[in-house]
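There are structures below to look over.
Presented sequentially are two complexes of chain A, the first with chain B as partner and the second with chain C.
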Partner chain A sequence: MTPTQPTRSGGFWAEAWRRYRRRPLALAALVFVGWLAVVALCAPAIAGTKPVLCRYKGHLYAPCLAFFDRRLEPAVFARDRFRGTYPQNLKEKDPDSWAIWPLFFQDPYRAVRENEWPGRPANPARDEGHPSASHPFGTDQYGVDVLAKMVHGTTVALLVGFVSMGLAGTIGIVIGALGGYCGGWVDMVTSRFTEIVMCIPTLVLILALTAIIEKPSIWKTMAIIGATGWTGIARLTRGEFLRLRQSEFVMAARAAGAGPVRIMLRHILPNALAPILVPITFGIASAILTESALSFLGFGPPPPSASWGSLLNDARSNYSMWWLVVFPGLAIFLTVLSYNLIGEGLQEATDPRLREARK
Partner chain B sequence: MATYLLRRLLLGLTTLVVITGFVYGLARNMPGTPLTVQLGETDPSRKINPEDQERLRKIYGLDKSWPVGYAQWLGNLLQGDLGRSISRKQPVTQLIAERIGPSFLISGTSLLLTWLISVPLGLYASARSGRFDERASSLLLYVLYSFPTFVAALFLQIIFAVWLRGTPWELPLFGMSDLPADAPWLARVGDVARHAILPVTCQTYVSLAYDSRFIKANLEEAVRQDYIRTARAKGAGPWRVLVHHAFRNTLIPLVTLLGLSLPALIGGSVIIEQIFTWPGMGRLFFESIRERDYPTIMGLTLMFSVLTLLGQLLADMLYCVVDPRVSLD
Partner chain C sequence: MIERPPHPRHAPLLAIKNLVTAFHTPAGRIPAVDGVSLSIERGRTLGIVGESGCGKSVTAMSVLRLVASPGRIEAGEILFSSGGTTLDLATLPEPAMRSVRGGRIGMIFQEPMTSLNPVFTVGDQIAEAVLLHRRVSREAARARALEMLQLVRLADPRQRLDEYPHQLSGGMRQRVMIAMALACDPELVIADEPTTALDVTIQAQILELLSELRARLGTAIVLITHDLGVVAETCDDVAVMYAGRVVEQAPAAELFARPRHPYTIGLLAARPSPGMKHSGPLRTIPGMVPLPQHFPAGCRFHPRCAYARLPGAESGSGRAVPLPAGELPCNAAVPPLHEVAPGHLVRCFHAESLGPPRSAQEIAAGGLFP
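Up next, the complex of A and B:
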């Protein structure tokens, strides 16, 4: 008889990852979100009207970074009166210049004019903007290319999920941890507070908060979604902390002289993190939904933003432009679906009860 | 039981005061007032002169700070008066009463349809658990669940109101009725029904996907219990085990779900009513926020919050009815 080799356990997260990998759909969803992140990071290099890299009057510049922040646009181009149109100005003002252009020469904020790119006609506007070879997803009523808008809108879609749920997660974990760990009157106050916030209909609260903002911006929308979406996380965290507070390892830590903050952060939180991550992932999906719904209702950030929801809003004024609905709609749908699949994969991979049931 | 109800009632009242006070503060701090927003937007030349505006501000009580205004609103509420809408010149109670019907028409139909379809679907899914057809239908439901309502609404509008225009399949784009009020009764009902098809579909499919998944998850939990094995050992058939033994025990979480859907049942859905310009409560709320119509905002907020609290209480009470082991004290 050969002695059986004990299989080495790679720790909780390695185990969870091993189980997660077995679900092809969850894995595909993870790949999709990763791909979106790449698109968001490289957006100005995928679609834009500014060179990714160019050599002008002896210096190297990367004007495409202006799409992330207008201040990143090199001052020399403003001095030389480029006015945002690069292709011909570059050649005229410095015949020796060269440039690496984005894959797709289209601007997410304005229509490309005739001959802006040598020999290319102006973007079609209104009903003319059917999807075609030069505009795979069509153009909107002002002639702005939909694909370029969507590529640049990816940043918004991803940021909304992460920023608002980062905020909601922080609030929820702090409130839940305080209530669960301290107990007594602290728990009483935090629990009542959570219950009251839960009773306010979310959309009512979000609409009211959005309406009091003087200058709407995408960051404020994210803050509002985060500030209203933490209640479920707080309840779950409280439950986990209540349970783990009684466990032996916490008692051991306390006996070793660890303070309450250290116990909460270093000892209990890592053990409670897996179940808390699940509602956070689902929360990302619903945050993206909420943001696009707000933009769609016209309550989102003002026009020069390329949120997917605002494209849908444009479609409402002209129903015959179906491409304004289909492509952004599918993008929102696929992103929400991916986060839901990731959340479910995470749940199945980390929940011991579901694991036993599978056998 | 009585002490429990009393405690819940007190807690509920505190919650209501906190919520309405908070929303009142928010509403009063929104940029613009009902007077400026309404008149300034429609026609700049119709901006009222400062004296008139001051007079109107006095009439509507807008010259007072918001805590004072809130106290007044609360006082009027205790006398059963929700105030008059500023932009619509109607009592808020009347405005709400007009909008309850249309909202309920959509959400009531949708709730009924959801339960009629999702219960058999959930039973079917857990009976065929793991088979190919179950996995395909579950995947489809999952995909539907992630499909945003407003995207689906736009898709449906484009398909049925634009592409199918002129065919018998054409459905109206928005509104509740095209016929005048003096049209024959039967024709009007048919017309409203035709207008309601798309909004009801949109409202139904998401909850359908959610509910049937919920039912299936609960059934699968129940099927693993010992009493199911006992029932099987006794010789009960698979359907009898599923419906009679397992499903009865999943009624408890379902009842909670039913209670929690109460606010949506009467309050309607802001997004769907807004897309289909359906004259319901959700749309009224959306419009009142845009018009800064404080009395209407407050009346609706109060109603939504009362419904939410009532739904939770109802869920807890039904819980006791369904499961005698649970006691409220």
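Up next, the complex of A and C:
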């Protein structure tokens, strides 16, 4: 602590951020994840075959949104029999039309045909599709561009991390908080339950659950990863609540008339959040890995969702297509590494003992 | 059994009657508070003094029902007369108890360094205390927080409102704690060793502030301390506790001038006094405070008491005084807390027969304990 600093120091999180910023690697990791989020949000504008914005028969449309949800594709294009190919249909059916195209004209779900973009050849398929100027990361055995697949797979990679860890964090914090705060038989029940879930190997549990569910989808995969990955968070939360329950400021809050829910949410949780955030961050990394592993084993989300792991799965059928392994693998590696660096940075920015040691 | 005669004019603000609070540990039942009776009048300051482990803090925590498990209030009444009604805090349902905590009874803790939540600003914490008991807007609560900080005379209150506890010194934090405790105009404030963790000059400031606020707001204060000097300066009444029981309660001036219980006499004699001529060791009471698991039978002070009257067979020390016919030995029955002078209660069989009460100076000079 530096109480003599002339500058006004902020709260706990402002202080933590000040310390976090001093770590270049952690900061770079944060920037990388932020960049991935931008890529995920703008994926249809970066790589796609549908205009970002176009004017057709006097109206403005944004057909690229169809990549997020098929129902967002304007009905007029289906009526006019576009069949998903925009560049020539637009010009033929409305000569006055104009369109803003994605940066990279490639589709994550199908190979681009010959002359779909005027004057461009069809995507090479099978072993032919090695990285080239028009396909920086190559194409898979069906001729689908790997870069386009990866750009659209970013959404899945990020969502898997946030949604599953959001779920795991919620379950873990609720169970841990109840056990740690209430103690007694509540603690008995929650701790034993946590230990039982812990005993089952996660991947086996996930595979079993995946086998049971009907109609697998990316959301169900996330829910399963979340529902099995909360045990560590619950144990840590319980420990923090046990420790903070005895603290003087909690006693002071009780003496001021605060009820148990308010004490848990407002007085204990914000103080326990810093140590809990660290395993959540590491959890995001492992959730991404788990999803990739599931996809690699063929238990991942079905084809419409392009995930990095399913690209690795494609590579299994033909080992000569090294680009199917290297680029998605590198993306997974960098993302997981970033989350681990962020977690480590958080830990050192918020843990008073490590903080002193580093000085 | 009500050991204290009812007050002639009005009910006391808080009357604790035969309170028993025990901790049920694997090692057995530990009665930290064992039959404490106390009363606090409106607008007055009651000091509770005693050694560590005598049960003074547990008594205070019992009043707010904040005794942590495995502690439990097992018997007794805690009658709190507020707004024309009398509540028994020992049995009040939890939701009603919550509105008493902070709303009608405020509490100040010993450790200002750790009693404030580190993640919220000072203003937020005082405002929260207000919002818990008053239906007011956030702005009004914040305005009240500012008003309270001005009341406790914190320097730069407007700026402090948005500062975090770690930016304040110990004395400033204790002022914030006092502001929080008083934010809802409670009728009673319990201060559990509010100055123990502070250095001497800050101690004096905080005590002065408490006295001043009591005079201004008319709040009754229970001051728990082991510092007799603090009691002498600030309290109207004093209760002396020993081994889970009150052994003597009297107005402060009376207690310091004419202590009646042998333990109180011993305590007062053990103080260093400005008039002390020689620089020898301070007087002490022989023996040790008994552990709650091994409280002696009868009067709990008798093994250390110079006046204890025990049956001849048990007196190996030669301190035994022959028992007059019909008198109970000190180790046979618990002496009742009885009135020996108006407002002066003593828990000793022999309070009257100990001879004329002596002044503190005499005790210090003469030495009752060889």
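Quick notes on this one:
Following the convention adopted for this analysis, the second predicted complex is superposed on the first by the 350 of 359 C-alpha atoms of A that agree within 3 Å, B and C clash if a C-alpha of one lies under 4 Å from a C-alpha of the other, contacts with A are read in each partner's own complex, and residues count from 1 in each chain.
Keep in mind that, in the parts below, a residue touches a chain if its C-beta (ideal position, glycine included) is under 8 Å from a C-beta of that chain, and two chains touch if they have at least 3 such contacts.
A quick note: this is a predicted structure, and the numbers were derived from the prediction, not measured.
In the model built by aligning both structures on chain A, chain B fits alongside chain C without clashing.
By the touch criterion defined above, A:A256 reaches chain C but does not reach chain B. Look at A:F12: by the touch rule set out above, it reaches chain C but stays clear of chain B.
Counted by residues of chain A touched, the larger count belongs to B, out of chain B and chain C.
After overlaying the two complexes on the shared chain, residue contacts for A:G183 are found with chain C alone; chain B is out of touch.
Applying the stated contact rule after C-alpha superposition, one finds that A:L337 touches chain B and leaves chain C untouched. Within the superposed three-chain model, A:E248 lies in touch with chain C and out of touch with chain B [touch as defined at top]. Once the two complexes are laid over each other on the shared chain, residue contacts for A:E195 go to chain B alone; chain C is not touched.
For the pair chain B and chain C, the least inter-chain C-alpha distance in the overlaid model is 14 Å.
For the contact definition in use here, the chain B contact set and the chain C contact set of chain A share no residue.
Contact residues on chain A toward chain C in their complex (touch as defined above): 1, 3, 9-12, 183-184, 246-249, 251-259, 262, 266-267, 270-271. Taken together, the chain A residues at the contact with chain B in this complex read 192, 195-196, 199-201, 203-205, 207-209, 211-212, 214, 285, 289, 292-293, 296-297, 312, 315-316, 319-320, 322, 325-326, 329, 332-333, 336-337, 340, 357. Remark: chain B residues 11, 15, 18-19, 22-23, 26-27, 29-31, 142-143, 145-148, 150-151, 154-155, 157-158, 161-162, 173, 220, 224, 263, 267, 270-271, 274-275, 285-286, 289-290, 297, 300-301, 304-305, 308-309, 312 touch chain A in the complex. Residues of chain C that touch chain A in their complex: 64, 66, 68-69, 98-103, 106-107, 109, 111, 114-121, 128-129, 132-133, 164, 166-167, 177, 180-181.
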